[in-house]
Amino acid sequence: MILKTLEILQKVKNNELTIEQAQKLIEQPLDYATIDYDRKKRTGNHEVIYGAGKTKEQIIGIVKNMLDHDIHSILITRVDQEKSEAILKEFPQMIYDSLSHICYIDEDQKEINKGKIVVVCAGTSDLPVAREAMLTAQFLGNEVELVSDVGVAGIHRLFHRLDTIQRANVLVVCAGMEGALASVVGGLVDKPVIAVPTSIGYGANFDGLSALLAMLNSCASGVSVVNIDNGFGAGFMAHTINCLGGKK
Amino acid sequence: MILKTLEILQKVKNNELTIEQAQKLIEQPLDYATIDYDRKKRTGNHEVIYGAGKTKEQIIGIVKNMLDHDIHSILITRVDQEKSEAILKEFPQMIYDSLSHICYIDEDQKEINKGKIVVVCAGTSDLPVAREAMLTAQFLGNEVELVSDVGVAGIHRLFHRLDTIQRANVLVVCAGMEGALASVVGGLVDKPVIAVPTSIGYGANFDGLSALLAMLNSCASGVSVVNIDNGFGAGFMAHTINCLGGKK
Amino acid sequence: MILKTLEILQKVKNNELTIEQAQKLIEQPLDYATIDYDRKKRTGNHEVIYGAGKTKEQIIGIVKNMLDHDIHSILITRVDQEKSEAILKEFPQMIYDSLSHICYIDEDQKEINKGKIVVVCAGTSDLPVAREAMLTAQFLGNEVELVSDVGVAGIHRLFHRLDTIQRANVLVVCAGMEGALASVVGGLVDKPVIAVPTSIGYGANFDGLSALLAMLNSCASGVSVVNIDNGFGAGFMAHTINCLGGKK
Amino acid sequence: MILKTLEILQKVKNNELTIEQAQKLIEQPLDYATIDYDRKKRTGNHEVIYGAGKTKEQIIGIVKNMLDHDIHSILITRVDQEKSEAILKEFPQMIYDSLSHICYIDEDQKEINKGKIVVVCAGTSDLPVAREAMLTAQFLGNEVELVSDVGVAGIHRLFHRLDTIQRANVLVVCAGMEGALASVVGGLVDKPVIAVPTSIGYGANFDGLSALLAMLNSCASGVSVVNIDNGFGAGFMAHTINCLGGKK
Amino acid sequence: MILKTLEILQKVKNNELTIEQAQKLIEQPLDYATIDYDRKKRTGNHEVIYGAGKTKEQIIGIVKNMLDHDIHSILITRVDQEKSEAILKEFPQMIYDSLSHICYIDEDQKEINKGKIVVVCAGTSDLPVAREAMLTAQFLGNEVELVSDVGVAGIHRLFHRLDTIQRANVLVVCAGMEGALASVVGGLVDKPVIAVPTSIGYGANFDGLSALLAMLNSCASGVSVVNIDNGFGAGFMAHTINCLGGKK
Amino acid sequence: MILKTLEILQKVKNNELTIEQAQKLIEQPLDYATIDYDRKKRTGNHEVIYGAGKTKEQIIGIVKNMLDHDIHSILITRVDQEKSEAILKEFPQMIYDSLSHICYIDEDQKEINKGKIVVVCAGTSDLPVAREAMLTAQFLGNEVELVSDVGVAGIHRLFHRLDTIQRANVLVVCAGMEGALASVVGGLVDKPVIAVPTSIGYGANFDGLSALLAMLNSCASGVSVVNIDNGFGAGFMAHTINCLGGKK
Amino acid sequence: MILKTLEILQKVKNNELTIEQAQKLIEQPLDYATIDYDRKKRTGNHEVIYGAGKTKEQIIGIVKNMLDHDIHSILITRVDQEKSEAILKEFPQMIYDSLSHICYIDEDQKEINKGKIVVVCAGTSDLPVAREAMLTAQFLGNEVELVSDVGVAGIHRLFHRLDTIQRANVLVVCAGMEGALASVVGGLVDKPVIAVPTSIGYGANFDGLSALLAMLNSCASGVSVVNIDNGFGAGFMAHTINCLGGKK
Amino acid sequence: MILKTLEILQKVKNNELTIEQAQKLIEQPLDYATIDYDRKKRTGNHEVIYGAGKTKEQIIGIVKNMLDHDIHSILITRVDQEKSEAILKEFPQMIYDSLSHICYIDEDQKEINKGKIVVVCAGTSDLPVAREAMLTAQFLGNEVELVSDVGVAGIHRLFHRLDTIQRANVLVVCAGMEGALASVVGGLVDKPVIAVPTSIGYGANFDGLSALLAMLNSCASGVSVVNIDNGFGAGFMAHTINCLGGKK
């Protein structure tokens, strides 16, 4: 059972808890998680919760604990439908985006970065990953534009959006299959490109390996890569880079 | 020792060889190779010699045997510098192309296919493979044009050559690293594209694996793939396809 | 919501839409897909919809949009049973082939290629892939014959069908396990062979890797390879090649 | 033979070259390379020459051609000892760094970025890669500091350099073996980290695969990855990011 | 059907079984398993049952047989929920730990080792594996302390627990993703560290391969590795090592 | 619909079928399978049906067709529970072994080989594969003995069964995990050993890869290997070898 | 220094060695190798020396020791040119086969097996492996015939040798690239086939992996596999099998 | 140039160095290495130098620096012949073991651990790795016994040494190929076993992968694994464990 700080103090007063028990509860009330309350101060961002591999009870416990510590900007990634329902029942103020499997609440004030991030996405099937990148970057305080379904097999579609792409400060490129879009975009801009291989494809795609290797071997300079399907990581990296250009 | 047919017959007459010995020598004089004299009749092309893994003595024996059977169009692939010297010493009429490691003689009459084959090559480092494809297709009776150093990181270079590319009947695309060129070319033409991954690159290139997987996962239709660095195979396949368009 | 062009124009007239909104809807009414209306003009074929990784709502939206643009030859690959039911409920004129998981409508006039494509299939278990190749090639305007269950372990079965095989203009060979059929067929014909590794097998098959590697290493010339289980890609490539032989 | 523009014009005047020949020589005098003279204008940086897989004759030809076009900032990566000697004999003004295998000339004026790039290096054996990153970033106009031999097995060594690390605008982390340094650094800063896996190690290192996978799976946010041993790519990416912070 | 020894003897007396049948039943009553009754005498520990790949009937048969041989300390690993219900219905005295999927009964007297084992766990998602290690080591007679959620991305969390870590006699470190925690802990202690890669992660994690390779390549000395997710193996190894320090 | 030969002839008489239709039906009545009726004559054994990847309708069609051709010894491998029910409903004379997933009927007379085959199995979890080998070898006419649960971690269990093992004419060794049993057995006998890696294990087992590689690298001579989990293949190979020793 | 037994005994008599020292020298005079003198008695064959990874001094020591124990049939595999020269200088009675890298002496009387072994070899480049198999089987007492250069791309070459192939008692099939020959041969005979993948090929051959996987997935029954390039293992296995057919 | 502390102080006195320069030289005189002088105090052992990837100049600099700091027990691993010569020329007091490629000096006093470490080695070819383990453990203060050439193919050889093996406190097992020895030894003892896969083998050994996977999947408990060929790591781990048993 997880108690609010006030309740803990009350219990100390009532001799229901010893000083030592109370201190432990206040400092680290969860035995399965060590929450990094200082993270925002240290790195500028609140800790994000990686939802996969955690039970819904654990996630709810962590969120409750963060809310109790007055953290009101919380992003949870990789929350499946079933967990999302339990979470939203407990915290109706949270929002669930079923495409990207992100669950979040975003009530803190924040400064917005000056530069724009553009998320480019090869095909409709890559949208969940692209959207994870977009929501993450927005959550962290960035203006984001999404350019969708512009894969290299019909490269004129990409050129129709060249203006948008070349106005970006940072780019995130999500592509599965042969992942060629990252190299093509990288050759068209002089801004940093974060490439996200997706697991879209089959057979010799080997769950995203083909796009991952292609992106790591990009002949375009100014391209770096995050893990397969790691839209969150790309959005976070793009934000970290975008901060260098200053706030609005 | 390998004898010319005439010498064999002379020996039979002189009772130096039995009829049975002579027959065996005429039909299969080499104990390490079974030459397919009917291949041209059956498949339209002479057997090509795969030079890797054969000693220079074996290659010379096979060539001598083919010349004795009046085969005067011979292509040997993957001949290293040292073997080439031994071969050219024995058969000064042969030509060695040190970039593609091909050794050939090409004295037969042949009909030329109507359509043109265009070999597109991503970078200067991919030239040896591209050239193997080009020489193979020329040897088999095709007009071939080479478009070099048009990788996707500077895609305008490719568009400068669009005319040439779109006039091709069949295309061979050689690229290492992320192998994206095959998909981009595949999206620009309505003709068959043979993609050749090359082993150019390093690290997560894994000796051509990145380009191979990328090409197999091409989002462009009308693209098929041959083995890594298999310029010969691509040239041969392009020729086989080009034959469907008829002879000049 | 997706509107027909007429409805959009009506709304403009009624001032329910601005000119700008209408233009955007007409040109690209879907925010998750960039349909390539000019593809037929540019590459000779309508865009095919890759069904995997798209929701049924997205597929229905794309089909509706294409029909509104008077495209009446539509092929959707990798449609599972559940999606197919939703699609056929919306568009009863479409046909679903449950073996190959293809959903299509084929009402456009088209010219038929002169040469015949033969799809050769190693075992009964490879039929779904072979059928995807066959339906694709038929859809694109080719006469196709299927030769089934002629794997190399009983090679006489293949020789019984030699006539059919040698009359083909282009061949597609589908095989799982050791994928040897492609090499054997490649040695028997002088026409292009498209090899399709299938994921049929188990253990050291590694989901089709064994057949893929075997086919890429084929000792027969005139063989090129598409992705594992990519019957569609093989059918498309065979069609592209077959076009070179002219129309009936 | 490669001619200077003046010589070409002279030859035109002397009727030694036709107008068409001259035009071709001026625009693309090399048949093996398509030099991207506009790259600086388009992407802000001159094209860098990838030295591996090119013959020394090809490299010399490209450099000569660039100098003739008044490009005097040239960086060539992956130049082995033997090639470097031929290049320096031809162009004594070039400098060869034998540790990083970079060959360069750097005579253009350039603006320097405001922020500092810090290159962190796990062990002495990773120095060649770290130095490739450092020289690249310096060449492109950045102030770079190198922090060497601070691997995680003795993590206090890293903490001794915390000040330097936390003052960086962008970080490049080079590590082989288990590549853990990238995650640890990523957790200590709020700036973008470019991780470079190196091939240092043996056995289950699989030529850098262990560090590559580790870095792609980093539990720290704000980390992205380039190819194994790709110090150049990391230096370039760090520069591209650092540009966002403005010039001095 | 499995009989107790007494029942067997009774049946021999009643001539329902021959001497030979009885001997076989007593010595090896199960045709699907060869139980190693002497294991405790030989290696100091009872055989542990590997639950995966065995039917619940087989597990129940083995447990019944062991109980009949007066073995009352039994540990079964990898028991899923459904099997656990069948087992607990048959043996209500057994305990099921649903997090680690361990089912056990622990009624034998045992000596406790002097040194303490500390199990360190990178994230909440790694807890099932850590708990498997902890329960195994406790079952075998060790005092175990668990330090949870101290991954390297927030390395100060680890340092808060340094005292606990440095007081351990043996350490087990469970981590997924990049598995860096093992190297960091290994550099902070002079005691043996057993590293357990977990399959927590996604994409280029390849089901635990990234952490496995990272741990095998640890730059810290005094670290050895067990199979991915093998909490049991780590707990067992830690116990075997801990025995060297003597009993309480 | 599949007709018996008699029915076909009746229909010919009734003019319900043309001569040509009838011939086709008699010779190859199934469009999805090419049954090899001469296989027994040619190779000594009836064709075995590989059940995976075939629908139950296809399997039933093939069995019906074989029965119509008076083949009454039929073995179908890899039949899951659901397919088995459909098959047994149609052919109640067939037997289904749920452990090995084999479905068979065995009514032909056959000669039995003189030598005994011994199937050795490392653990209870490997039994399904071992049983597939055993049933296959019995079906083909061999006396088979099963030695179960004698893995190398308690090697005395193996030595208790040494007599049985050394009396075998051919051995089949099934083991998962590290697959060491094959080498140990191979060193104890002078008879051929067929090693079957099983997919039993987890983590770095990679679905049987560890045992497969181990067995291929066996330091014992006289060991050869079949595919992972291929109990059928091992049983068949053991039979083929055992035939050399003659019939009883 | 290695002493002959007689010298040892002499030294004991002279009190130059204690009884214990002498016993140790007689039983195991080499500190780097434990020679298995009883192997012939136990398994029917003398131990074969694996030459790779041993120094020439170690090999010479082992041979000297075996000769001293009156073993005069010795086979050493994988002896490179340089080691062979040192060995032959020491033991001029040994024979070195430079193609297969086997070094042997074969002076023991031996019985010859009744059945014939046929070694089938796909291409000239596979000959070294085929010859290793042939020499091994001959050394162990078998009549062996070699059928060379009959790869599946020209399958009529194989059919010309069908008589030889079908008269074999056991077959060894050596093939690189796609390794299809094993399946084709396996379908043509009813005798055991030992498949040897060779490392002949390039690119996606991955040093023999393609042929290895293909052979493990053979759709023909009665085929089992040894390690890549393991001609010795295949020859040994074929001999072990051939023994079952009895001696001449 | 590297100066001894005395020389530095002299230079300070002579005003040849500033105080700041001197301090830096004393504390970290090498710009390519951060020597961990406190390591012995912190972890009980001096830092070991990983020789691979360092130039001989770097190694000599580090050794000189350590000697200057009065460290006289230095172990350098992976020193090739050429580097060793340069090192021994500089430091004649060092010893080079050419089999294990270790270079060391061992002049510090040290306590010896009570328990014995036994290094077991499968074949003569695995000796270099086994010897690296042995020398490392001896260097760190352990009594070590080597049991060589007792691979599982002739398992009686292992049983002859059972006494030695069962008297060990800790065991190191080095084996290549199928790596089965670790499991067999693990089943025979109740002490911790450190398994070292070696790269001995060929083909599907994949440079030690087969032994590595086998050892990670060991069915014996109490076995953990270090990197391929990492004899040093195994020796170090064995020492760390052995310390728990106390000093002599």
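Letters A, B, C, D, E, F, G and H mark the chains as written, and numbering starts fresh at 1 in each.
Note that contacts are C-beta pairs under 8 Å (C-beta built on N, C-alpha and C of every residue); 3 or more make two chains touch, one makes a residue touch a chain.
The shown structure was predicted, so the numbers you read here are calculated from the model rather than taken from an experiment.
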Chain located farthest away, centre of chain A as origin (C-alpha): G
Interface with more contacting C-beta pairs, comparing A-C to E-H: E-H
Between chain C and chain F, centroid-to-centroid distance (C-alpha), Å: 36
Computed distance of Cα centres, chain B from chain A, in Å: 50
Whole-Å gap between the CA centroids of chain A and chain F: 51
Interface hub residues of chain A, defined as touching at least two other chains: 123, 154, 187, 203-205, 209, 212, 216-217, 221, 227-228
Chains grouped in pairs wherever the two touch, ordered by label: A-B, A-C, A-D, A-E, B-C, B-D, B-G, C-F, C-G, D-E, D-H, E-F, E-H, F-G, F-H, G-H
Complex contacts: residues of chain A adjacent to chain C: 123-127, 148-150, 154, 157, 200, 202-205
Interfacial residue positions of chain G with respect to chain C in the complex: 122-123, 151-155, 176-180, 182-184, 186-188, 201, 203-206, 209-221
Chain E partner contacts - residues on chain A that touch it in the complex: 31-34, 36, 39, 47, 50, 52-54, 58, 78, 197, 199, 207-209, 212, 227-230
Touch list for chain A against partner chain D, complex: 42-45, 48, 115, 169-170, 187, 189-192, 194, 212, 216-217, 221-228, 232-234, 236-237, 240-245
